[in-house]
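Below: a set of structures, written as structure tokens.
Both of the next two complexes hold subunit A, though its partner changes from subunit B to subunit C.
Moving on to the complex of A and B:
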């Protein structure tokens, strides 16, 4: 297999795009495509301040690398979740993220959940969901809340996450199996800014997971290889495996599923009928938007943890 | 495992419903449930004339058996497609269908495609799709046209087919992967009558394939075990296997996927925006409804076959 651009031996063969490229041209191609998607979906411009949520994994570090190379004003945000599980997961991912930022002279904000709120994720989960530990649900609430808070408090226009195509189609398939139309309506490369919430963007949403792995490896980015120890057996991973089998039999199936979904969404398919359109409220405690009147799920969770600790 | 109703040894264990039943109570339960679905989805009443499309397979013969037991006025329609493929597929399925009707004193209409139009399905496919044989596409057009024609000409109110849940979710998943919203809008337990087209109903759409197999076997219905020889390697079978793995891991997943889809459809989700709502035309040759002006796909296919034979 030869590189389409220069004819030398290819390093990456992307069956789904019928495209093979050598290391050099793959490392050029992926950022060029990212720039194209940023423009196509109107994610942000050169003068906007972007906050990249970085976990120390291949996707988010590669995203930060790419935005930096493309000349965007992109700072990082690392959330210390306090997940250890015998492998020092959070410590290691923080170390790799800080090293990445230092080597490139980039600005990184670090928020440690335990030192800010008094509890790490495993403790919060144990205190708030006794008997049926749900660290992933708790972690989701905390991460969303903290990303929104930091973006707002530090005046960022845009919050960028490293979700790749496999992440997106896995969530989409799960939402489709249960026809969660409201969640589908909210799944997009860009969610506009809304009443104090920064715009949210996913510049890598059209790249296959294995493309992102290839990028990080060929670029020489040191990232944490382990998945979060709590993710084993998750629904997301179950659907990823299902979609991997489909992709293996029908190269391009994942991308087609996602792009046709975006088209359908664009045509207004998932806009809930007006009578179902939910009003939003401001949490009286933290000020963030919430679906229900009263304190938001983050503030309620913290209150519950305090009452049980 | 014991029968929930009488406590004797269960013959059928339906994990998806958390329900086990002995032979006798399963043979009562399935028709009762069918009657419930017929009413719930307003398929037809006792005074309407129902035409059941029967293929000689387990689903359609069981459907006919059930409607007969429930006291509905249900006659049969068998379409002789002329598929042999070394196993005498059509001959055998016709023999079993005729035997079924004779044993129960039921009215069966038989239409032989070759003696009516001059070509069987394999010949039609070869004549109209030279080089890329598509018997299933041709067969679909012919069956739809002939079912509509016979129902109209013989004055039936309703056309009933034996599609089971596995059939429905397989098609739904295929349409979902490509977000074919117009096809999704048309997938339902009932399609209302429309300008000369009989109402179309699928009374078995909520039964798992294995429930229907159990019904046919326990009821002692002699049906053709072979699938149509052309169906090997079809997309429908591919998606059925995918969904079987999902169902195995998560009992009830298929039914939940289908029922949540129906809810979403009912709430108006797949109604295309007004500007996309297609006008329908009458074929100047056969009079049936068609999506485009001019002759319908059946009449165009027959014309093409004649010009090439």
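Moving on to the complex of A and C:
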């Protein structure tokens, strides 16, 4: 297979675009496309301060690399979750993230959850009995809260995450199966800033996970290959495998599902009925936005953990 | 030439398996029941595509695309 641009041997074949590229032209193409999506979805401008949530995985480190190459003011935020599970998962991901930042001279903020709040994620999950022996629900609440807090406290305009198209489509499929219209209405490449919360953006939302893996490998980015040990057997991974079987038979199916969804969302198909639209409140404890009056789920969870420890 | 040299070795998540040489990467993956969408094939540090014909004795590293996935 030959590179469409220069005719030399191709390294990446994107069947959904009928496009094969060599290493050099793929590594040019992907940041160019990222810049195009940043503009198309009005994610952020050249002078805005961007905080990239980095986990040590291929997507977030590649996103940081791309934004740096495109000349954006992008700093990193790493959250130390204290997940070990016999493989030193958090230690390893932190080491790789710090190494990435050091090699490129980038600013990285590190927040260790145990040092900051007294509990790591597995302990918090056990103390609060949330998630049926799986700390993913607790982890999601903590990560959202901390990303919002750091972005607000340090004055960032935008919080960028490394969600790729497979991440988005697997969530969309799950929400479609259960007709979670309110969640579908909130799934977008950009979530606008809201009452002190930074704008949230997903610049990689139109790239397949395979393309992001190829980018990390071709750029020589050292990333944590193993995903969080608690994610094994998750529904998201099951959906991703299912969608890849579909994609194998029908190239472009994943991209079409996502783009048609965005079109439908844009036309108002997933607006929740007015009677379900709830006002937002500020948590009296931390000040962050919450759907219900009173303390937010993070503050309630911390209070519960303290009362059980 | 030994039998081993007539085959191509694949490594995925630390596990190895072998197929007959002379097939394309796509056919080899099908033989191994591995979905091409779910892996990237690397030979001596270079990414190779599905139409690549694999030669005897080659070692192909398969990088799983889905983090945490089975294959």
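By our rule, the second predicted complex is superposed on the first by the 306 of 309 C-alpha atoms of A that agree within 3 Å, B and C clash if a C-alpha of one lies under 4 Å from a C-alpha of the other, contacts with A are read in each partner's own complex, and residues count from 1 in each chain.
Here, a contact is a pair of C-beta atoms (placed from the backbone, for glycine too) under 8 Å apart; a residue touches a chain by one contact, two chains touch by 3 or more.
Quick caveat, the model's predicted, so the values are computed rather than measured.
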item	value
More subunit A residues in contact [subunit B versus subunit C]	C
First (subunit B), second (subunit C), both or neither touched by A:181	first
Which of subunit B and subunit C A:75 touches, first, second, both or neither	neither
Touching partner for A:240 - first (subunit B), second (subunit C), both, neither	second
Partner chain(s) touched by A:267 [first = subunit B, second = subunit C, both, neither]	first
Touching partner for A:146 - first (subunit B), second (subunit C), both, neither	neither
Touching partner for A:226 - first (subunit B), second (subunit C), both, neither	second
Shared subunit A contacts, counted only where both subunit B and subunit C touch the same residue	245
Subunit B residues touching subunit A - in the complex, by the definition given at the top	176-179, 181, 238, 242, 245-246, 249, 253, 256-257, 260-261, 263-264, 267-270, 273
Partner subunit C, residues of subunit A touching it in the complex	1, 10-13, 20, 23, 57-58, 166, 209-210, 213-214, 217-218, 225-228, 231-232, 234, 237, 240-241, 244-245, 247-248
Of subunit C, residues touching subunit A in the complex	35-38, 40, 42, 46-47, 49-51, 63-70
